[in-house]
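Attaching a single structure in structure tokens format; questions to follow.
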Amino acid sequence: MKGMVYLMVKAGIIGSTGYAGQELVRILLQHPEVEIVWYGSRSYIDKKYSEVFGNMFQIADNACMGEDIKELAECADVIFTATPQGFCSAHLCESFLGQAKVIDLSADFRIKDVKKYEEWYGIKHQSPKLIEEAVYGLCEVNREDIKGARLIANPGCFPTCTVLSIYPLAKEGLIDMDTIIVDAKSGVSGAGRGAKTANLYCEVNESIKPYGVCTHRHTPEIEDQLSYASGKDVVINFTPHLVPMNRGILATSYAKLKKELSYQEVKEVYDKYYKDEYFVRVLGENVFPETRWVEGSNFTDINFKIDKRTGRIIIMGAIDNVVKGAAGQAVQNMNIMFGFEENTGLKTVPLFP
Amino acid sequence: MKGMVYLMVKAGIIGSTGYAGQELVRILLQHPEVEIVWYGSRSYIDKKYSEVFGNMFQIADNACMGEDIKELAECADVIFTATPQGFCSAHLCESFLGQAKVIDLSADFRIKDVKKYEEWYGIKHQSPKLIEEAVYGLCEVNREDIKGARLIANPGCFPTCTVLSIYPLAKEGLIDMDTIIVDAKSGVSGAGRGAKTANLYCEVNESIKPYGVCTHRHTPEIEDQLSYASGKDVVINFTPHLVPMNRGILATSYAKLKKELSYQEVKEVYDKYYKDEYFVRVLGENVFPETRWVEGSNFTDINFKIDKRTGRIIIMGAIDNVVKGAAGQAVQNMNIMFGFEENTGLKTVPLFP
Amino acid sequence: MKGMVYLMVKAGIIGSTGYAGQELVRILLQHPEVEIVWYGSRSYIDKKYSEVFGNMFQIADNACMGEDIKELAECADVIFTATPQGFCSAHLCESFLGQAKVIDLSADFRIKDVKKYEEWYGIKHQSPKLIEEAVYGLCEVNREDIKGARLIANPGCFPTCTVLSIYPLAKEGLIDMDTIIVDAKSGVSGAGRGAKTANLYCEVNESIKPYGVCTHRHTPEIEDQLSYASGKDVVINFTPHLVPMNRGILATSYAKLKKELSYQEVKEVYDKYYKDEYFVRVLGENVFPETRWVEGSNFTDINFKIDKRTGRIIIMGAIDNVVKGAAGQAVQNMNIMFGFEENTGLKTVPLFP
Amino acid sequence: MKGMVYLMVKAGIIGSTGYAGQELVRILLQHPEVEIVWYGSRSYIDKKYSEVFGNMFQIADNACMGEDIKELAECADVIFTATPQGFCSAHLCESFLGQAKVIDLSADFRIKDVKKYEEWYGIKHQSPKLIEEAVYGLCEVNREDIKGARLIANPGCFPTCTVLSIYPLAKEGLIDMDTIIVDAKSGVSGAGRGAKTANLYCEVNESIKPYGVCTHRHTPEIEDQLSYASGKDVVINFTPHLVPMNRGILATSYAKLKKELSYQEVKEVYDKYYKDEYFVRVLGENVFPETRWVEGSNFTDINFKIDKRTGRIIIMGAIDNVVKGAAGQAVQNMNIMFGFEENTGLKTVPLFP
């Protein structure tokens, strides 16, 4: 693709009328190398996209199309599937991967152990043979593998935030992997755009609640990635909470340090991994991540605090769940796969207030 | 006081123009046995109380008075001090306690070890002799001592929520006290009514952040109470977070179970302590506390979940920080001290939505 | 009923699992003269009421029942119908009114001209004969008629706020009734608890929008009441807006003064009508209504400002839409009908913050 | 400047640490033709800009500088003053205008009649001689004059939204200018970043209130512009309201049509003025503006509804107050002045949710 800049990458989106799908549209519309050729939707076929999302008026007035991956594979260079669990694995064929690259924002190809996937998701996996080929698209960790991939399993929002913030400590063996507790907080867009009573304004506003306690499906995804990083089987506690705000994830993680370490020593470890990463910002000492500082951007803000009293390290990470936790990272993956600068179309300064 | 129902208890409030002070006014105005005789304020002396808080128009149009505890002690049966740390210990004299009962909503008398208080709060304690006499007013735990007390140290909001939710497990020795991690979330009223940039609407809205990581002053208060309960010195990690909502605290706590326990076994332990407690509601299995369900009320909603995979128990508690976490518990203490039914004036059904 | 205080009034609620229905439950549970005997619901039959609304845990654990008015009429003294338009008129029979008093929170009996009702609501009225008997339950205006009524048409939320704030001016003939413009703002609970995409948290939060412009169904209701007050046919512009908050209505109304009037002259007119009304608070000069100051209460806060430059008067009113705009006023009506003090069970001080 | 694309425009910002100033920084950092050379601030001199606004970490780590316009004029091509009323007129000299173009976001040069300015603002104007030269920077209306201007009075947020939405009707003489009523709603960022109790989270959240009723300073600005458009002296009622959201203004305006007009006839008038305007979007029939659909963008969404019953037209406009209502329009003005494409750096698709 490089060297052929006169040719725009043709992108199709299945599930473009959910929150992640809309964010993909928003980002791709502002991406200098991409043209959207397919606004897929189950519920709004033939309706103008801008009638579903008023922000798109006079910007994306295209009609919504269906969700036929086969047809889409013939006209697109890259397909994004922002669909419910089970859709992509049910409709994707190996042959399509010869026609277009696929970036799946669902969980279908994130877990290598198909049994584990089926247990946690309660779904029979329809294309287990493709799991092996899929690359887990956590860009800062798997960049080299992503370059040549045909199928990307775009990471979940909680795993992105959690794994990126813990990764250097796990990789360097600085923490006791049996002591990890992740207490995460998410904005409401993470719950999707489905019309459910539980997500009505008056049900969510002015309240915070835990959910999926000990059973949330992102648990095995986080455990897998931390296991790869540390080289041992990791089991964690993961508790997400719903926060009355549109966007944002904050993950507060706790672990025992294997030995006493100074701030400076740990800071150097983080710098080793992230100093040159555009999208990871390790904050200054005693400055803690806040979701407002990454809103609308692809950044992951990270910091940590060592508690000498307990021998634990507290690690905090913040992302915009819709961007780095979904659409933004999907585009980052696309950039890597197509040889663009990794931050092309993703340099947005976070919106505040 | 009992048997003299024709005489209302005369209550004075120092610091009545903060959020906790206003809630005290709101509750006491609706209390059948109490008459407010003193609306103390540093900033609004001589101003009508209802000009400071418009909800009080035609309900409490009294003029605000100063903060002279001595003068107040002469005309009140009970004094509530909803003041910054250091005020009560600086202005309270032993002799006042002979005139009026004092319920201090600040932290001044919560920590028995004066050095610990001075370290965490960075303040020289002005009346260390009174610390011993003060009773820690966590009603469900210290009810008997409260009955005869002259000086109540009304518990902090986070400690109330955290200690009540963990207490039965600590008391019964079911958890490893060295493994306790408390991840708490608070509404913004907890930050007080001072005009600070950090608490402006646009700074708090649409964001979540941790604060006071490893250094929050409620840490030693929680540790003290869990130490008393368990009979050993407890050190914990405590991380509060600021949530964009007016009221509410949710505390999510994690600990290792000493041995494998079933849901039913743990439920029975909670029932043992709380079955007859009006203000503590242990929810049904797999129903988790949400702050909206206690808003405006003095309830503490509690539940737990056992994770067999990790051997940990996750304990969740929710309170309204301004009520059970401050003014409501203060009135509950007053009710106990004056021999009223403990829930007098506090039976409000939580406001939803 | 008076003189028989040992007998509680038995109340049944059809539609108790909507927001207005839940507020009725909340208020009636705290009403000293009432016992709830029927928690009616279409969607949650046999489910515990406290499983639908967690705030009711250990307070109202009763099972939800169906919506059979006939059966209910046999066991209740008063029936509240908090149901969609058309339900009450379809199911109510004249004979039930001999058994129990009915307070209908829907619009079915608010408009005396059945054709007008059918035009604006697009529904065929099923019991037009009962319209004549129904009393429009705007308590401060129709108190005498309410006393003897068997069927109350409980006013809409916008009409309550708008009519109460304009009423003295209309009644005294001080404004040109052809110039009235009402620009109203409502919290989201007014949209009900139905699972609609438009009312999801992320769709409503961080935005304001007008809706039902020139077509909102409360328009003829406001016009009728202002016509009765002024003795002439009134046609107005009414534009509601959706505001990202749970509760509250603010109505800002504009009209030409017929002649120049001073603040004091207009203030005296308002005092004439509202000086002795417990639930109407005419604020001090240049203090304008804010919905937060009435939250959770049955108050209507009102004020006005005369603009000499344009010869117009701006009238502002604020209520809690779920209380004075629905459940609270319904209970106020009940109190009047059953001879209780009008503010029994309704003296709650507004909740702030 | 055109033809010299290798030279970036050097921009300095006085007042860069307020909300409008920060938005200027955010936009200019993403503007391909501009380099920021001066981050002016009164309160944060020498502090890193990214310590004031965490979103700017690793993006704008520059130190804040003072507010010396003279010094700044020597190093900048364009100066933005996002300062309190009175600052710019007090510090600006005619000679500076020979060195750098000035775009003043305050009200100092918006009102041509200095007496009117001094009355409404209560400030003595310090440089009345410069008022005549200043061009009112409402781009869609005054584009030609802006091109050659040295000093731009950047319009207020309410006037931008109101005037743009009413302009075609005023210009074409379709409405009775004596009947205009503007009821506006604003997000909280419009109140600035000053630490005031009234703007604390808990004071604003969950409430709506009117303010500045009949006295808001944007009134004469709107009246002036509507007077220029219609050719007659216009006096209006203008009532702003504070809405619990960060960004956004919605203006709902009412006026009598001079004669009966169809939707299509009025639509054609709007199209005549705005069909080719990139930043003005006249929505489809019965689709009304919502602030969420313009958030983070420079768009003005407009629509109208004709009420045959009353002979009035209701005109609605929505903008992001921080962008089109402040920083975005300032950059649009700069683009026009420097000969760039008018939407350079301003093509952001609105952020949703």
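The chains carry the letters A, B, C and D, assigned in the order they are written, with residues numbered from 1 in each.
In this section, a contact is a pair of C-beta atoms (placed from the backbone, for glycine too) under 8 Å apart; a residue touches a chain by one contact, two chains touch by 3 or more.
All figures in this text were calculated on a predicted structure; none of them were measured in a lab.
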item	value
Intersection of the contact lists for chain A and chain D	B, C
Interface with more contacting C-beta pairs, comparing B-D to B-C	B-C
Euclidean distance of C-alpha centroids - chain A vs chain B, Å	39
Gap in Å, rounded to a whole number, between the CA centres of chain D and chain B	46
Chain B and chain C, separation of their C-alpha mean positions in angstrom	36
Per-residue multi-chain contacts in chain D, two or more chains	19, 189, 202-203, 205-206, 244-247, 290, 292-293, 295, 353
Footprint of chain C on chain B - complex, ascending	19, 22, 26, 29-30, 53-59, 189, 206, 246-247, 281, 283, 287, 290, 292-297, 301, 347-353
Chain D to chain C touching residues, read off their complex	181, 183, 185, 202-203, 205-211, 213-214, 235-237, 239, 241, 243-248, 250, 252, 254, 288-293, 295, 305-307, 309-310, 312, 314, 316, 353
Chain C partner contacts - residues on chain A that touch it in the complex	19, 188-189, 193-197, 199-206, 244-246
